[in-house]
Amino acid sequence: MHIDRFSEVSDRYKVIFLDSYGVLINHRGLIPGVVECIARLRAEGKHLRVLTNNAARSAQAASRRLVKYGLPGFPPEEIITSGATTRQFLQQKVRSGKVAYLGTAAAAEYIIGAGLEAIPVAEVDMSRIDDIKAIAFLDDEGYDLNTDVNRVINLLRQSQAPVVVANTDLLYPVTANDVALATGSIARLAEYVLGRQFVKFGKPAMQMFQLGLESVGRELTDVSLSDILMVGDTLHTDILGGNSFGIDTALVLSGNTRRESAATEIQSSGIFPDYVCASIGE
Amino acid sequence: MHIDRFSEVSDRYKVIFLDSYGVLINHRGLIPGVVECIARLRAEGKHLRVLTNNAARSAQAASRRLVKYGLPGFPPEEIITSGATTRQFLQQKVRSGKVAYLGTAAAAEYIIGAGLEAIPVAEVDMSRIDDIKAIAFLDDEGYDLNTDVNRVINLLRQSQAPVVVANTDLLYPVTANDVALATGSIARLAEYVLGRQFVKFGKPAMQMFQLGLESVGRELTDVSLSDILMVGDTLHTDILGGNSFGIDTALVLSGNTRRESAATEIQSSGIFPDYVCASIGE
Amino acid sequence: MHIDRFSEVSDRYKVIFLDSYGVLINHRGLIPGVVECIARLRAEGKHLRVLTNNAARSAQAASRRLVKYGLPGFPPEEIITSGATTRQFLQQKVRSGKVAYLGTAAAAEYIIGAGLEAIPVAEVDMSRIDDIKAIAFLDDEGYDLNTDVNRVINLLRQSQAPVVVANTDLLYPVTANDVALATGSIARLAEYVLGRQFVKFGKPAMQMFQLGLESVGRELTDVSLSDILMVGDTLHTDILGGNSFGIDTALVLSGNTRRESAATEIQSSGIFPDYVCASIGE
Amino acid sequence: MHIDRFSEVSDRYKVIFLDSYGVLINHRGLIPGVVECIARLRAEGKHLRVLTNNAARSAQAASRRLVKYGLPGFPPEEIITSGATTRQFLQQKVRSGKVAYLGTAAAAEYIIGAGLEAIPVAEVDMSRIDDIKAIAFLDDEGYDLNTDVNRVINLLRQSQAPVVVANTDLLYPVTANDVALATGSIARLAEYVLGRQFVKFGKPAMQMFQLGLESVGRELTDVSLSDILMVGDTLHTDILGGNSFGIDTALVLSGNTRRESAATEIQSSGIFPDYVCASIGE
């Protein structure tokens, strides 16, 4: 497996889409060299967007979090969250009424931002479910698995409202060794036991890439897909999504995919990045 | 769809395997006519076995429960639980040491009965997991979904011990309308997020049918598979399992499968029972 | 299940996306009332697009075929095929070189139209596969299953080129009763035996909806998703895709989904159209 | 990964179940040291059985084939084929009438041996399918993929007969580098496009292990599962099946699983053999 230097790869593109966790930061904090890399890309006039599978915080909060980690200078307008694509869907398809959700109050802002009323699954009146115009799997926390998962399954069995999953990640890291179930797992479980398919946002789905393209299109005329590079640490989300959208992709080894198993994982998944780099900071 | 009378169907067989929930009892209690049916079958010299996907109670407890519902006369020796096939597996394949489990203390009796030490997942010392010789998904209750599911997933990520699922049912009825997640759902979720396959007991897996056959073989010499009828209310467990084991099958409409959708479900699943009866009591 | 009149439904939208087979035509020919319906929609100033999962013929050929069936007046610019989204992908992501394909010579025009060289899988030199820059599952005919399926599987095992599936339909109707394997089935089989995931075009994937939106955007400024209705006869492609894209959907019962089983299929799949109509012609 | 010497492993068991391809022979012929190993095991009084996923030849033909490869002394009674478990099923569950099959005339002997009439799918009269009492996927050859796969799918859509798959292997090796679709792939494809589940024979399913146990039981009284070792080269069939049946398992690296990727495959599949050996001959 050939390892490319990221600076040589990025030279070939006008627009760089970056995953956040595993590319900019990881469980040890800011990834070494990232501040310098981002500064260099900006100096070269590259257009940057962060595409993050996250419906737990707003673009504003995500921007502040990067500052806290030591990476200033990503304004909210440059951050595309899977929550934002979910909000867009709710706004266009649901338009008015109540949305029952699993997640934190912060995540519910995406529902409220769509002009809808957010109601935690735990507070749904099960005798009046016709009120519920959509059901949303938003965030990994903010609910009680013992009661709320059964509640949402019974709600889903009786409701014909559209169901959206704002982040399809299955697990999230809690320490260097340990993981926890993410809301994507709960949604997947509900799909499986009910034999249904929900509408999913977050990479590898297209909508975030489309939103990123439209956002760049507002500052750069005539942008074509061949001008864009997607940089990510996860084959099944960042690289599969970028490849499917028709843009070039670079896998970095500073997050989910480890150097020693990268070649095997690429080969066995059949998800081939155009480049492999150690990290964007090296 | 032709509906057969159960008494005319049962006439053709020497041995009747019966599912419990949906065939003998359901959420309203004992199914009408069951006491008389069982008495008639015994008077005719049929050999009966109850095959129940259940690792939450012993054959003794299952026998007492039927008495409580008003159906005496099923001794524990005539009841095959998926817990019993799990116990047999642990005895033969694991032999000694600690087994980490999700479930109630009653369910853990199946581990203890195999001569092994039962330890709830919540009490596993995660720094000494080499002690754990097997991991068992036993029962739908007895653990905290908020903490113990993440715990078992982290344990599974680090352990090479065999994993057994004592009951693959995905949901269980809690009222006439509502369901709750069964342990089979939690096991399926763990398989999915980890990309693994566990060893599964309970119908449609073969082991309970095999144990039933061996049990009947102790009182009836030269029993052949064509002497046996499996009676159940669920296509994907009772009927699929019976068909795969090579015995004839009768679907009853007194449980999971409703009369109005039975023909559609049979056709769309492609799981064809040899007979369809309203109930064993009619 | 409430059946809506299509003329009352269409009144609420400025843009109508229509599936072709099952909406405009079916195995008996032109669906009754379609000519009048389309004329009325045009007279009302609706913007129409046909979205068809088809990579076997060009938009020009699809337009001529509708004329032949008795439905003139759909110019090629109003027809979005899954072949067109495939061509766009190949153009942007592959750019130059050879593309190995399964399909007819007519289907290969989508490769050639992307400025690439099309080579049937049967003619690939297996000792020089580095030349192959992409592999495409295009059309249901034009290859020999006995030899070419094994060939493409062996090619896929050795190649790191991107793989595209131009139409994910699994079966296609050959008579009123009989079906045949479509290329989507062959692609799915290859994914399964190799454990890989290919890039897929055709509904329910987003790209055709996006292309439809962009096409309408050239004649109608400020079009919003809530202005658009998707009309189709298949839950898993037309309706799931439309719902996921965030537009309203109408299921018609003039094709794949029959009136007697529609309510059951909607409920069991959990794919809920906003409207159900007998056909666009009634 | 610790590599055990097979002779030290086999010492702990009275009964050895051996896969054929990858354990006794591979694409280069007889695996070095196998003749001596088998002679030693017999001299030590071990009871041997060959368990082979194969419905293309009888136990007699399999025995003769081993002789041809240079391994005499496996009588047909010691060879359990997945065809034999299929025959047993057809005998017990179908009993009389016509069985439509995909496969060679040699494979059809398993149907005829069950006292049934074998009719190739190509020769089924589609207007009289009520005659067809079962449908069998038998062998990798003997039919025309271009016509017979569509034929069997249309037959399956109309028939309620039980469907059996005599060998679930997906691919088979044709040269050192190349593979071809096995009948298990065709069956899997039919299951997928029709949304059905067929009855499957061959490892990892239990029936062959059960037949092996019964066969050994005729020459060795009181055999217990802990007396038996399953030796195989494939994690998903030999090792998963043996583990599920409750017997110990040894993976050999002389076939499908290569030494350099064995540790990764074991870890990622979660299918853990009790031992790993280079081959039975070393």
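As written, the chain order gives the labels A, B, C and D, with residue 1 at the start of each chain.
Basically, a contact is a pair of C-beta atoms (placed from the backbone, for glycine too) under 8 Å apart; a residue touches a chain by one contact, two chains touch by 3 or more.
Only a predicted model underlies this, so the values are computations on that prediction, with no experimental measurement involved.
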Number of hops, chain A to chain C, where each hop joins two touching chains: 1
Most distant chain from chain A by Cα centroid: D
Fitted rotation between chain A and its twin chain D in degrees, CA, nearest 5: 180
Comparison of B-D and B-C (more C-beta pairs in contact): B-D
Between chain C and chain B, distance of the C-alpha-averaged centres to the nearest whole Å: 44
Geometric centre distance via CA averages, chain D-chain C, whole Å: 40
Approximate Å spacing (C-alpha centroids) for the pair chain B, chain D: 28
For chain C, residues that touch 2 or more chains besides their own: 268
Residues of chain B touching chain A in the complex: 144-146, 149-150, 153-154, 157, 170-171, 177-181, 185, 188-189, 192-193
In the complex, chain B residues that touch chain D: 88-89, 92-93, 95, 156, 160-163, 194-200, 205-207, 210, 224-226, 240, 243-244, 246-248, 268-272
Chain B - residues contacting chain C, complex: 261, 264, 268
